[in-house]
Amino acid sequence: MPAFAHRNAVMFQHCDPAGIVFYPRYFEMINEVVEVFFARALGWSFRQMHMVERLGVPMRRLATDFHAASRLGDELDWSLAVTRIGGASAEIEIRAACESEARLTARGTLVLVDLDRMTSTRWPEGRRATLESYAEDRV
Amino acid sequence: MPAFAHRNAVMFQHCDPAGIVFYPRYFEMINEVVEVFFARALGWSFRQMHMVERLGVPMRRLATDFHAASRLGDELDWSLAVTRIGGASAEIEIRAACESEARLTARGTLVLVDLDRMTSTRWPEGRRATLESYAEDRV
Amino acid sequence: MPAFAHRNAVMFQHCDPAGIVFYPRYFEMINEVVEVFFARALGWSFRQMHMVERLGVPMRRLATDFHAASRLGDELDWSLAVTRIGGASAEIEIRAACESEARLTARGTLVLVDLDRMTSTRWPEGRRATLESYAEDRV
Amino acid sequence: MPAFAHRNAVMFQHCDPAGIVFYPRYFEMINEVVEVFFARALGWSFRQMHMVERLGVPMRRLATDFHAASRLGDELDWSLAVTRIGGASAEIEIRAACESEARLTARGTLVLVDLDRMTSTRWPEGRRATLESYAEDRV
């Protein structure tokens, strides 16, 4: 299955005094890509996940390479691929590009967490099956 | 020389609906640690660097491990050590802890950039010497 | 002419530990509504305005009533109307609602500013004419 | 009693592409002033208030005048005065200045809210007495 795709625009609020995206704002965008992925690809909105099921998917690890600066008004094309699925975790790779110029690559590990106990918990079977359908086929 | 130290508190604005620090806010804190390090350790404020000298120190790469969640009201003790200095770059290691419990470790690469040309540029000699004094002695 | 319309969703990054929108995030949304209004209604992107023409439209005054809380996942319908146009300023009224429940009303005064001199400057005639077409007819 | 005082510095993360404070960041600072006021003046930390007592103090109304722009590196002196105390609300006036130049004046209405019911609730007597001691004497 191809990677999940999302698009956003670099707005004024994302830019620093040098006129380029301030990198903490990229992490807000990365979180948005993950949030939209769960909602659209898995049918699992963060409202449902957090408020009703009392689960969350915090990052345990995130490594990002910033290839080139993004500027006010740039349209960013994001992709998210699942690269590995564990019992209670998932490794994902997120990329952003603007008109085919790579801007960043982020590799992260999400963990499914029971918010009331703050302990990791296994993916529900149905969610896991959908996650697997987004796992890259890297034979 | 010991690592540079900084302290801040987890405020309401940093916390997500689970009551813990939302990870993009950690990157604002990491940027603050870098900004305070340049101002206090090198005597090089971001105002002087950006506005007068038209230089910046964007991140080229940043890998972060989140060891444990931080909560509203936690006091975070930050440290910054310089682990390698290149001609126009520096590798740094930033750690945060709360009452000796590790919260995150981030390893990043800063690059000194000429903001008008958006190209990397060598550290000025005096700044470089001070940076070196913060490099860890890892014999 | 009817007010300018925009829609966004309350994302995880907007919500506080009480699970509702943290009000500083509403002001990021308000800025987004203004930015999208200038781009779409006036054909004047912030990139063009700020980076090429070296102009900006900072708020001089902003009064906001928060009628009801917004929650993670809410879809917000925004409207922007121009209520008065001065030589170098514009008064606007921005409203947000969710499924017809009012969430906030903000009345602000924008001033067109020359970013290099930081002094106010008159609206260019063409821009002014388009702004006027969005002014409410309140006979 | 004099107004409550707080000081912070304009950091890189607060500034927009024009090199001045982006106004939504001022609202994060205003929230910080309120949070520090409750913690230090009333001995009522937001951790205790939100997490233990399940109460919050959202803004119901906030009117702000931005008198002059603030720049990267500026030290801002904040004051908070209580101008009126209702059964479940408080009106406050917050001012920021830099080296005696006024930067902003904000007048807001806080409401004490039961977070589980999302309804307003009366100030506890002890808290109310301390709030009153910060009310301006405007004979």
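So that you can tell them apart, the chains are marked A, B, C and D in the order they are listed, and the count of residues begins at 1 in each.
Definition applied: a contact is a pair of C-beta atoms (placed from the backbone, for glycine too) under 8 Å apart; a residue touches a chain by one contact, two chains touch by 3 or more.
Nothing here was measured: the structure is a model prediction, and the numbers come from that model.
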| item | value |
| --- | --- |
| Where chain B and chain C overlap in contact partners, by chain label | A, D |
| Centroid comparison with chain D (C-alpha atoms), farthest chain | A |
| Euclidean distance of C-alpha centroids - chain B vs chain D, Å | 29 |
| Between chain C and chain D, centroid-to-centroid distance (C-alpha), Å | 24 |
| Chain C residues counted as touching two or more neighbouring chains | 12-13, 17-19, 22, 24, 28, 31, 50-51, 72 |
| Chain A residues touching chain D - in the complex, by the definition given at the top | 12-13, 15-19, 22, 24, 72 |
| Residue numbers on chain A that touch chain C, as the complex places them | 11-13, 19, 28, 31-32, 35, 45-47, 50-51, 71-73 |
| Complex contact set, residues of chain A against chain B | 17-18, 20, 22-25, 27-28, 30-31, 50-51, 56, 58-66, 69, 115, 118 |
